[in-house]
């Protein structure tokens, strides 16, 4: 008989918005929460008996109820509450993974009273993944869709040429990418003090941007390593970083047929291509630490 | 024989990035330019003769060449150059419409040298549409995907009830929308002085946000009118505004089954719904002016 | 004071699935219905009074209730029921437009009992738009996302060359497009017999595909005209057709650097490009008829 | 110093269309090919030296050249050619993974000559992933976006109730999902005879659909297991299957406020919800076989 292997279930993409009122000053937390549970679930697969199954609808209700009962201090803290609840309250559930996307909002400056008007920031999406097995925690935070560009200080040459190589070497090119990154915390145990999740995110994001900006790049791999190693160097709470960086190609347009020289000291015109794109992915680890972030990041 | 009616053709979505270098300080213009031409084009439809057809590939080349030759001062100015070129240089072309999407970038703050590192702003997309028929101009600017929210100061009651009405009246709700707006300039003639397109955009965007924030709303229609009329009142260069505002519903979650009261003085938890959504659309005109912006905005 | 121009409101994207049971044989109708209403709506914009406003939530309820009460014979018939209801039951509503997307399902062939298992067809989306002003009807049907390709029998040459033209002439190319089409019926009055909407759709779709396949094409404009004129010629119930045809470019890859000739009698390898793309749009009319389909189709 | 962990690079989303001509009868292969390579790549990350780096541009060229030189018999066979080439021709490359999406086309029936007109099938996307380390092969095939529905023969009851459970039990519901599946072949060695990849795909797809249709479902987990075990039982070339099945909820609309009973013997009206959705994922293995398909499928 075919054997049941790894399995998990839950309610994905619960869109929860929490408004906290401090008089006329309001605060927003805007999350997309996905719950994934595992445990003694053989029977529901083999026979369809739901005797061990907490309905996904219940997990949805729990997300909303917890947002009221416990508030949303940070995505990570909220995920920890949820994961602990599912594992400790249900005998059949031995593992809970909470994935959260967070959308940032800024205040609209205006001359009216109160502070309860917002515009969505629209830049990166913040990510958090919290996993609990009843004993130890794994927290992976990250971001996606942060689009960055250096308009110079990037070269690409000295590479292998085989019979299919036609690319000319480049000594001054645009380097642009849409950053997708994840970082794993060394907080694993309730006995440890938890990191300041929001401060950690802000600083890690800052290091990511600055390492990108400050690296004179001979390859996107080099830039990636600089981004990751700077995080490891500066953020003691993080042991592992993984980036997935599409090389968003900007090709110099050939304007010679029109009697124009494109790359001149005062700038140039580029064609921003869609597909195909280079895709550079790597993990950077604190020395002695184990890699645990999945190598394909798209669905963290 | 079936008759040929309105027709237009061109190259859509030319992705052009212009870097301008001022020493180590660089500037970006990042556009998506669509060209649409019309004129004496019966024959290509009836017989397939291309004798009057400037290829769409040529219109693409022109976009890139003009970005180098003329630079990109603003989306509107760039579109004016292009539209004028197609209509005045080709006998068969009597009308050109240039649609432009513009993506904003911010500088990355860092301690390295130079100023050539950028992060995409990610908020709204700026829009411009320039139409020229050889004699007069029509310029419509706008924006899309600007997501805003008031977490209070919105009510909805006193509406018509019929046999299909179940909605309870609301005296304090979230009002959120994804603003799509267009505004038409009264600049139509080369003899007039052109507006300062970038300043006009910045101010119109500001008025849009502030009118949204400062309106105590009894209906999204009322908020829309306030947004539009504030632009007409403050921006003499604009005669017509149209907004398309999806009502991004945020429903109070019923937490009573869990023994929780949701809407309390310190805030509440909402479910952000995807579909369906209310959709409110209207045009606001300067008194005495004609409406020319299409009533369905999705593809301006 | 700024003047209110055209305005409309309603609930967009009501996803309604109707299962009809004929014993163990079930039938599906799977629609996405958007309601848009207009009429005496000045006050809600100017003062926020909702005294004339039927809530968008009520229009949503009406869609679901009508699906049960009246069934869904066809998208067009369903839209006619809805539009008539809103205009005739509410004094303030003078115009109703119902837009419907319909998704097709096929039966899964299997050896079990019953006929209630389906797989979504996944090809084009069928479209219908019904507008009623209390007196006369306008019905526009159509489709989108029907992707077609001729791998030969397409040429492109004899076009205008200006200083920005670099495109070589082509005597055998791929012609591919993603068909977006709309057609307007001459049924406008309840006194006329209504067309057989489903039969009309099936035949119009067939003519579209066959005209595309059977036209030896010298330009995409010519193919478009053949598609439209064939519908006008064969479908007496239709007076106007509009197509929006992106030219989905398939470029011959240059394999000469690798010592390979690409276009050989046994075939060739192409690069399917994303952006930019040619965009060809035109209306074809029955002689003597007026054009009423909007020239920009993206949101019909 | 921070340590480099797993890393991979290549060109993603090479869109290759191969037309094969057999006189006036043409055949299409339409693929999206992503190349990912790994090996001795430390230096490019640490110092930016590209001395071991075959450019991603070269891998793109190779995809197109191989489509001409070797043809595209099947996605799997094409991927095997490519993976073998990269690993055996470059000293520094020790592992190649080729991921392919394949889009199906059907012939347009028409009365013209030749057979070179096609319409894109539009249903599921076929998937293949081929990995080679110089010694052994791993081939995982699959599909995504195959949307299926049973309009009856599905129940859900007998589940765990906790304080957050409000879901009523269901004895007759719609079961709908968008199938994402992967299956791993036990072909790992050039010495083995390769499977008939296309026949294997066709049969595995058929079993997937039929198992979905023929299972009277007490839970989506049970249906998933039936789908996977049927493949293991019937397809000896496959040792492992994983499915990711979103529960596309179709909720019975409450029509009682309008005096209507919804679920009647002749059918019912449902609201097709977007988010949140249940998400059920599991692996089914041939007894004694190891699980190797990643548990999170979104980017296979």
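Order as written gives the chain letters A, B, C and D; numbering starts at 1 within each chain.
As a convention for this text, a contact is a pair of C-beta atoms (placed from the backbone, for glycine too) under 8 Å apart; a residue touches a chain by one contact, two chains touch by 3 or more.
Treat the numbers as computed from the prediction; the structure is a model and nothing was measured.
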item	value
Rotation angle (°) superposing Cα atoms of chain B on chain C, nearest 5	180
Interface residue overlap between copies chain C and chain D, same or different (over half shared)	same
Centroid spacing, where centroids are CA-atom means, of chain B and chain C in whole angstrom	24
Separation of chain A from chain B, taking each centre as the mean of its C-alpha atoms, in whole Å	30
Chain A and chain C: spacing of chain centres that average the CA atoms, whole Å	38
Multi-chain contact residues (two or more partners), chain A	15, 61, 65, 164, 166, 257-258, 274-275
Residues of chain B that touch chain A when the two form their complex	15-22, 26, 28, 30, 61, 64-65, 67-69, 105, 108-112, 114, 116-124, 145-153, 174, 209-210, 212-214, 250, 253, 255, 257-258, 260, 262, 265-274
Complex contact set, residues of chain C against chain B	1-15, 34, 36, 41, 44-58, 60-62, 65, 89-90, 92, 156-162, 164-167, 217-219, 221-222, 224-225, 228-229, 232-233, 240, 242, 246-247, 275-287, 291, 294-299
Interfacial residue positions of chain D with respect to chain B in the complex	163-164, 166, 257-258, 274-275
